[in-house]
Every structure is written in structure tokens, then in C-alpha cells.
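Chain nomenclature is as follows: A, B, C and D, assigned in order of appearance, with residue numbering initiated at 1 for each chain independently.
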Amino acid sequence: MNFAASSVQYRGIIPPMATPLRARDELDVPGLERLIEHMLAGGVHGLFVLGTTGEAPGLSYRLRRELIERTCRQVAGRVPVLVGVTDTSMVEALGLARVSQENGVNALVVAPPYYFPNSQPELTEYIQHLAAELPLPFFLYNMPSHTKTVFDLETVRRAMALPNVIGMKDSSANMVYYHQLVRLLPERRDWTLLMGPEELLAESVLLGGHGGVCGGANLCPQLYVELYEAAVARDLARVAELHARVMHISSTLYRVGRHGSAFIKGLKCALSESGICDDFMTEPFHRFREPERAQVRERLAELGLLREAVRA
Amino acid sequence: MNFAASSVQYRGIIPPMATPLRARDELDVPGLERLIEHMLAGGVHGLFVLGTTGEAPGLSYRLRRELIERTCRQVAGRVPVLVGVTDTSMVEALGLARVSQENGVNALVVAPPYYFPNSQPELTEYIQHLAAELPLPFFLYNMPSHTKTVFDLETVRRAMALPNVIGMKDSSANMVYYHQLVRLLPERRDWTLLMGPEELLAESVLLGGHGGVCGGANLCPQLYVELYEAAVARDLARVAELHARVMHISSTLYRVGRHGSAFIKGLKCALSESGICDDFMTEPFHRFREPERAQVRERLAELGLLREAVRA
Amino acid sequence: MNFAASSVQYRGIIPPMATPLRARDELDVPGLERLIEHMLAGGVHGLFVLGTTGEAPGLSYRLRRELIERTCRQVAGRVPVLVGVTDTSMVEALGLARVSQENGVNALVVAPPYYFPNSQPELTEYIQHLAAELPLPFFLYNMPSHTKTVFDLETVRRAMALPNVIGMKDSSANMVYYHQLVRLLPERRDWTLLMGPEELLAESVLLGGHGGVCGGANLCPQLYVELYEAAVARDLARVAELHARVMHISSTLYRVGRHGSAFIKGLKCALSESGICDDFMTEPFHRFREPERAQVRERLAELGLLREAVRA
Amino acid sequence: MNFAASSVQYRGIIPPMATPLRARDELDVPGLERLIEHMLAGGVHGLFVLGTTGEAPGLSYRLRRELIERTCRQVAGRVPVLVGVTDTSMVEALGLARVSQENGVNALVVAPPYYFPNSQPELTEYIQHLAAELPLPFFLYNMPSHTKTVFDLETVRRAMALPNVIGMKDSSANMVYYHQLVRLLPERRDWTLLMGPEELLAESVLLGGHGGVCGGANLCPQLYVELYEAAVARDLARVAELHARVMHISSTLYRVGRHGSAFIKGLKCALSESGICDDFMTEPFHRFREPERAQVRERLAELGLLREAVRA
């Protein structure tokens, strides 16, 4: 928790970029460019493409390659780019890793293969294989609600012994577990610990983490950057105010639909209604139709997030 | 989150008291008295008897009544006493509530009936019935890992409309949910929100809660009281230091055994090894045997918690 | 699977008796007598009181004792009576066991204590303690959806070494597990294996079990008795016909309500509408109100189960 | 349940073919040919490639295409070939479907996209899209332990309205649910209902299903074919004998390893030790090493399944 003592390379807000789509297997290229510029203008510290929010598993491999190329070209080194290569097939994961390397990606992100449930010894061996073969440093991605497999503390500890595993994104939403991860930090001074759910960003940074992979930062990057900075500065009054705003977004914009997909649908719809990018979605999801769109517009207006400038 | 604006009656550290037993259905009476004095000397703000840590469901009703009587007599009004009357049978719950009232208990604590899974409408109606019949104000107790039933936000909101439901203890360990509970606080200025897992005490108080029901406060009450006070005072450096100590206890003392019962067994064994009270347990659990006891002693020594004075 | 080679004491249909209630903590005594006579007239091979269908955990201990006494008096030895003494408190379980013995009950039924999750070693020790102390032979009751604890095969095997553990009621609805239980039968020729869910009675008897604890046998005992007998007789055409009828009841009568309680509510409402007994329920449940009652009546009529004679 | 009234195209034993691998991304081609001939010699009624047992999600798309081509060429129309095109990406699923069609595959098999949890309306729409776009008839594949999404009965009913959805493989191992699926059969006379877990083959065919997708039929196809035929012939004594043999395989060969992968590892190791094909596995799994291999050999010997002829 002594920030001075840490030598991590990645910190701050690294949004899990939504994937702007115009149609099935077709990127919304101008939307992608606007979205990237919107986030960079908001001060984000990096971009994470092909994560859960980016609907990565729903995209064709062709489109994933195109997205990596276009993102890297657009970002042009202004912030680090992280790419998710999580895959049920090691061969396909390695293929995307090669494309990432060729395009100048900075680091990769890998969750456990997500069809079969994995045991911890299998998972440890898997990470060791990846560490031996991936051409770039990588983060572990803990996402048990979607992968069915959690990284046990002992598995994390073993991964920390591998130099090119450089950190972890924890999306378990389990703060007891998270605090146990913080306890491991002294074992590896260059290990980055990032929080997944944006609702937990405040406390994760206050109590020892390095930043967050906040989905909402696609829409209002500055809010999350400011919350991160307030937490780093130990400005608790400001943290409380900004955290309340994050909870308000989470409790309204992400709860328009009835299903588990409400978060991504709400976020993409808001991006569309804000004029940033198209909100076509990968199957089995579909973009909100009316009256959900009307609800999103209304909530955006309440939140002061309907930016007329962008739409004009 | 504006503490000044709140008029809650209960705040701070209200330990879920372990139940000192000498044998099946036999209280360790001197141990009980020592344990109560030990916690009060540590500055706790109340006591919660017959909760999960107190192994309430494992105790006979006769012993529960004896425990209520003896605890109230020993505490003698120095701090508020809360009593858990959670039961699968409404009749038995009401019986314990009457005994509580007769002995001067301040408030009750009620989790959902825990054999059958309950729907939210059933749960809402249940709380309304309790509110009509319980002779004392009561807290909701959210403990889905043991009761299988969570209090949905809408159910909590409905309970907030009942004047003698006065707050909630959340042991879900789900901080996203907890932050949503905090968002409900403006609806009821006298509603107390308490955190269950002690690992989450720091952030819960920093971000809007009123205190914690920390099991570890049976053993080292002062630590949790100080952490609570540091959080209220917004002294983040002190919070970080004390929170790290809480995590150290949680990661060592509560992890000696292999099973889900490791927390209670470790805590009771530590109380026994510290000379506070006996650690006989209700079935199907049994107290640690060697070599687990040796491990607990060792960890207590590391933690500086083997108090020779108490043992002498 | 060689029936001749088995020497089990209990076979056939042993309904988990619904508990007729007139009000909170008040038995519907004439209803109880009618219900018992109705089942005995239908040819059932035993009665199991104070199970899940009997809402046992929701009843006061006083009422449980009364129910044991009245049931034994009414049955008067015509069929064996089994009593559930499952409890989170060993002391209370032993108390009910004593009452059972005093009233001539034939055997007890015990599920794991259901508040805390139990490990297998804890569960094994628990059963060994019960075997040493219970005054009557008993069945294990596997009900993981409600108790959170499953009996692992190895735990069952160890229980089979205890002479007064005489069988198992499996309500896991996991047929792979059930077939593994059947594989254990050669180890103990007097071990009775009973199926919980009535939807699985047909196959469980065809492939090696000894009968079923069918909730629906409260309402139409003869149907389940005939299905059991057809399965024992290997009359597959008749099995198919009766099994289809069981599935029809299950798919209509037990699915009137929206919640997990739909089975018990539907069954009790049907008993009430058939004139057998009152359908007051323990909290947090309540009997069906209109329009659910109308649906139940309609489905009973479709099923030919509205017996005017009984109502007159 | 009237077989005469049914006009299903697919019946009997359709093994989910293991994928013989020599190394990462390299088929064991002679092994594949031997495996196919071994199953056809055993009398199987079809082959299902690229299912869970085939480790489909772990294979590269290139290898999946090669496997489809080689399997179709080897089978050469002797039995129907079914191909799993389950994918998190619709584009990739359609690509494999095209390759399947070009190679003369008879039908496809589709489980829900398995990264995101899906709601039932999303799933229904997904199936409708597939029905509109897939070039071949297809089966639904219910596999909630791996996909997190179950097909609700109402979703199945809606799928039955789509002519090119022709049946369902249920691997939920939930027999109550299965019996409810059987109840839907009268709505569509050409709808095939297949059982996944081989431990449930006997009862599924006795009580109304059309066959099984038995993993063990890779190793001893004749056993499962004979069990299926005995069940169709209502020869219960023979069913009991063969079912006991299936349970013996399941309780020994599939339980050598400690992890969830024990079934596939045990099956592939047995295929290797029987001289049929290599047992290299996709990551994160690896083939059994000694001493697990020795255990598998021993159990194969006990089962009389170490066929010297094949090894010579």
C-alpha cells in the first residue's frame, strides 16, 4: 500500500473498450475512432480492447484482428493498449497474441478457458504454458461469473513467480478476495492489481490497488479518472461525491433491461444516444429497442450526459 | 453519507458474541462473563448474541433463553444488547422475542427462515408480520450463504417503510449490493446499516455505513473499535494500518481448518487459548484438536494476542 | 437389484405427510385424521411425518410433539410411522426422537443440520453421534437444495457400517448419484433406498430402489402405490401410463404459483379443495388465494381428483 | 411414448466422438480412422463430432474443419454425421456450418453461446436467427453445467415451431426436466430427444426418449448399442445387467483423476491404452501421466476392455 515502493507499469483508468459495430461482423470505424478519442480526451491511462465489455467472445477472429489494428493505429502510442486474448483454444489465443505483437500492443489479458471448468493445477499449468509462449507480458483476468473458474490465491502466487505475468484484473466483485490479493503485493513490486467493477473502484484504490477497468469510462471517462485521482490523493470528500455518481450511473443506466446483458446494452445504447458510436451488438444480444432507448435517453439527460455537441 | 444528518441509534462495533460452552447444552458461565467483560473493556458499542458466530441455530431453546438472561444481567445496560431470533418457526421466533423483551434486550435481529428458499413477496410479507408482532425494534440480517435468500433492494425499501424495522446487517460480502443499500439511506434517517464481514469494515464505514458486526471483536475488540474510529475520523493512514491487521487475522487465524467452519473454530479456539472461555462447539462441529490447536497458538503468538495475564 | 436377495424392512410408498393446520400453531385435528385415513385407504406402505412436505422446520416443537402423538394414535400400528427429527440443534433433535420413541414410532429420518454448510468429515462424525444416541433406527435424508450439504458416496458408505442407520431417502433429483447409491446396495442387504421426487419414482424402482416418498400420495395415494407395484412387477406399459399421470400432476398442480413454494402450496390447496384438510401454512408461506385456488380446482377437475364424496 | 407414432430421423446411439490428437493442433489421422471404424463396427447409429467429449472449444478452427472433412470422408455415408457448431461467435458458427454442409454432414448441434449468461428471450431469438441462417437441420444441445444457460421448457416449445430444429440432446442430467421434455413430444412427431449422460440412457429410453449420445461408446460401442436395443425391446432383465455395466465403467474409468476433466481424460487414456488412438489433449488439460495411466490400464483389464487384437 506504499505507492512509493511500487514500480508498476500500469495504473489508473484503463477502460474495457466497447466494440462499435455497424452490423454483424462489421466495425463502425468512425464510431471506433470517436470512441477512442473521447476516452483519451477524458484522460484515461490506457485502453483494454477485446474484454467482456468489448463482447470479445462474440466477435469473429477476422474482426478481432481488424479491431486490434485500427485501435493501435488510432491510439498511436498515446496510452498503452491491452488486448484480451482469452480463448477456449490455445491456438487461437496465440494467433491473436501474434497479431497484437505485430501491431505494437503493450500487454495482453487472459482469463481461464471458459467452456470447461478448470481445476487449479490445470489452471496453473495453463498459465505456465502461456508464460512460455506469449510474445508479450500479460495480465490474469479473474472473471468467475463468466469463466466458472476462479484464480485461487495459491494459483495467483504461483503466477507471480513468472516474470511476464505482470498483474491481475479482478472482476470477481468479491472484496474479501480482493483484499487477500492486496496482501500478496509485497511479493512482487511490479505487479499491477486492477479492479473490474466500477462500483468498487473507490475502495480498491483507497485500500491498495492500482486502478480500474471501468466500463463506464467508455461513456464518461473523466468521472472515473477523477475518482481514481481523488482516491490516490486520499481526498475522501471528493471520493464520496464521485463514488455516489458512479453508483447512480450503475443503478440507473445499467438497469434498464431485465437480463444479465443490461450492463452492456445500457452502456452501448448510451454511447449511441450520445452520438459516439453505433450500438449494434453481437448475438445473442441485440441493441435496445424502444421503449428501452427512451429510458436510456431520459437517464442520460438526468445524468447530464446527453452531450449535444457530440451529436451535432 | 452525511453523518450529521443521520439519527441512527446504533453505531460502531457490535460483536456477534461467540457462545461459550462447557459441554452440549451447558454454558461456560464464567467464560461468558469473562468474554463480555473483555469486549466491554475493549470499547465495543453493543453486543449481538445468538447470531451465526454465536452458533445460535445449534443451541437448544433452553440454552438460548439462559444466554439471553445471563448476558443482559452481565451487561447491565452498559451497552445495547441485540438478540438474534432468526428461526424457521415463527412461533419459536416470537417466543425468543418475548424472553428478550422480558430481559431488557434493546433490539432483535432477524434473517429469513432458512430451510425453504423464500421468494421476495413471501419475504416481504414475513417481515410485515414480524413488524406487527415483535415486541422490540429489529434489524434485518442479510446472510444469503446460509439462508439461501437475499433481501432484494425493493424488499429492503419496503421494510424501510415499517417504523420498527430499524436497520440491516449485511453479511452478503457483496460490496456492489452494499453500496446500493447505502444509496437507500436518505429514505430513512434513523436506519442503521452494519457490515458483517470484518474484512469489509474499513470501506463500509468510509463509504457510508454505521459500523460492523465483527466476529474478531470477540478476541481483540479494541482493534475493530479503533478501525471504526479511524474510518469515522477519515484517518486513512491509520485505517490502512488497522485494516491490514484485520486482514492478517482473517488470513491466518480463520484459515487453520479446511472446512467452512474454520472461521468459528479458529475464533473459539483462539478465545480458549487466550484463556477467555471454553471452546466446546455445537454439533456437527467440534473444537480443534491438535495439531490445529498448536497452529492457532502459534498464530496468536505471531499476532501478539496470547495474553498471559488473562491465562494466569 | 435382486429383490429376493434383499431383506429391507421398508418398501413401497411412504408419503411425506402434509401437516394439516387450522391456524398458526394449531393442528386441524379432524383434517389430520381424514388425511391419514385417506392415505391408508389408498394402500400406502408407511407414513413419514415432519418432512419437508410436512413443513416441519416451520412448526413449533409443541406442535411437532402433538403431531407425532396424534399420528401414532390414529395409525395405530397399521403401517410403520417414520418421523423427521432433522434439526440444527442436536438437543432438539434428540428431544423429538424421545417423543417419537415414547409414541411407538418405527424409525426416524435425519437430514444434515441445515444452517451451516457441513463438510463430509463433520457430517460423518455427526451421523456417528446420532447413531450412538438416537433411540430408534434412522434413515439418512439427502436434500441438498434445502440443507446445502450432500451426502458424498464415501459418507454414505461409512454410514452403512452403522447398524441402526437403515437406509436413505434421496431427494437430490440427481439420478447419476442415485444409480451410484444403488451400486452400494450389495454392501448392506437390509439397507432401504427410497426416492424423493415422485417424478423419478418409476425409474428408481425399475433400476434398483425400494420405493418412494411421494408428496402427491397425500392426494392420490393409490396412483403412486399402483405405479410402485407396476414397477416391481416390471409391467412397463402400465408404468408408462401411470408415470405419465404423475408427470401430468407435477406439471399442472405443482406449478400454479410462481415461487419455490408452489409444490407445497399446490398440494395443500388441492387437499383443501378435495375436502380432506385445511391448507393453512407456516410462515413465510401462505395458502393460495384466488385466483390460484380457482386454477387448482380447475386442474383437479381435469385430473378427475375433485371427489364430491369427500366434500359432502 | 408410442414409438410407432413417431417419425424421427435419428435414433439409437450417436457417440460424441473423442478427437484423436497427436500434438497441439495436429490430428492423429490413423487414430481417427481406427476410432471411426471401431465405433461403426460396434453398430452405432450415427456420429457426433465436435461436441464436449470432442473437446471442440479447445480446437483451432483449422483443425475443426479438417476433422469435419476427414470424418465425413471416412464415414462415407454409412451412418449420419452430426457436427457441433456451438460458438460464442455467430460468424464462426456459420462458418463451420458451411464447411459441414460442403462435406455432406447430416445435421448440426448447437448449445447456447457460452461466455455470457443468456436470458430465455435472448436464447429464443438466437435460435430463430440460427434457424433462418443455418444450411442444415440442427439439434439443440442443453448443457447448462458448461454453458450456464438452460433451455426453459417454453423456449424448447418455441424452438419446436421451427421446422429445421429437429431435436434436442439433453445433457442437464436433470431427469425431472427430461420427463417434461418427453411430455412435449406429442407436439412434434419428428422431434428427436437424445440423452447426454450415459448413466441415464436406460431410463431415458424406457420412458420415452430416442437414444443417447454416450461418451463411453467411443470405447465400447456395442455395450451402449445393446443397452439401447434392450430398452427399446423392453427387456428389463437385460437392461438392468447392461446398465450395471455402464455404471461400473462410469464409477471406475471416469473417476481416476480428481478434477472435472476426469471423464474426458479417463476416456481418452482408455482409447490410447486400447490401441485405438492417441490421447493428447487440448489445453488446459493434459493426458494422464503415470500413475493414473496404470490405474486406467488396471480398470480396463477388470472390465475386459484391454483388447489385445487392437493393440497388435
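One rule holds for everything that comes next: a contact is a pair of C-beta atoms (placed from the backbone, for glycine too) under 8 Å apart; a residue touches a chain by one contact, two chains touch by 3 or more.
What you see is a predicted model; the values in this text were computed from it and never measured.
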Residue-number overlap at the subunit A/subunit D interface, same or different (half cut): same
What is the distance in Å between the mean C-alpha positions of subunit A and subunit C? 50
Chain centre separation (subunit B, subunit C; CA means) in Å: 36
Indicate the residues of subunit D shared as contacts by at least two other chains. none
Every chain pair meeting the contact rule: A-B, A-D, B-C, C-D
Per the contact definition, I'd like the list of subunit A residues that touch subunit D in the complex. 24-25, 52, 57-63, 88-92, 112-119, 121-123, 125-126, 129, 145-146, 148, 258-261, 282-286
Could you please specify the touching residues of subunit B with respect to subunit A in the complex? 1, 173-176, 179-180, 182-183, 197, 199-200, 202-203, 206-208, 234, 236, 240, 243-244, 247-248, 250-251
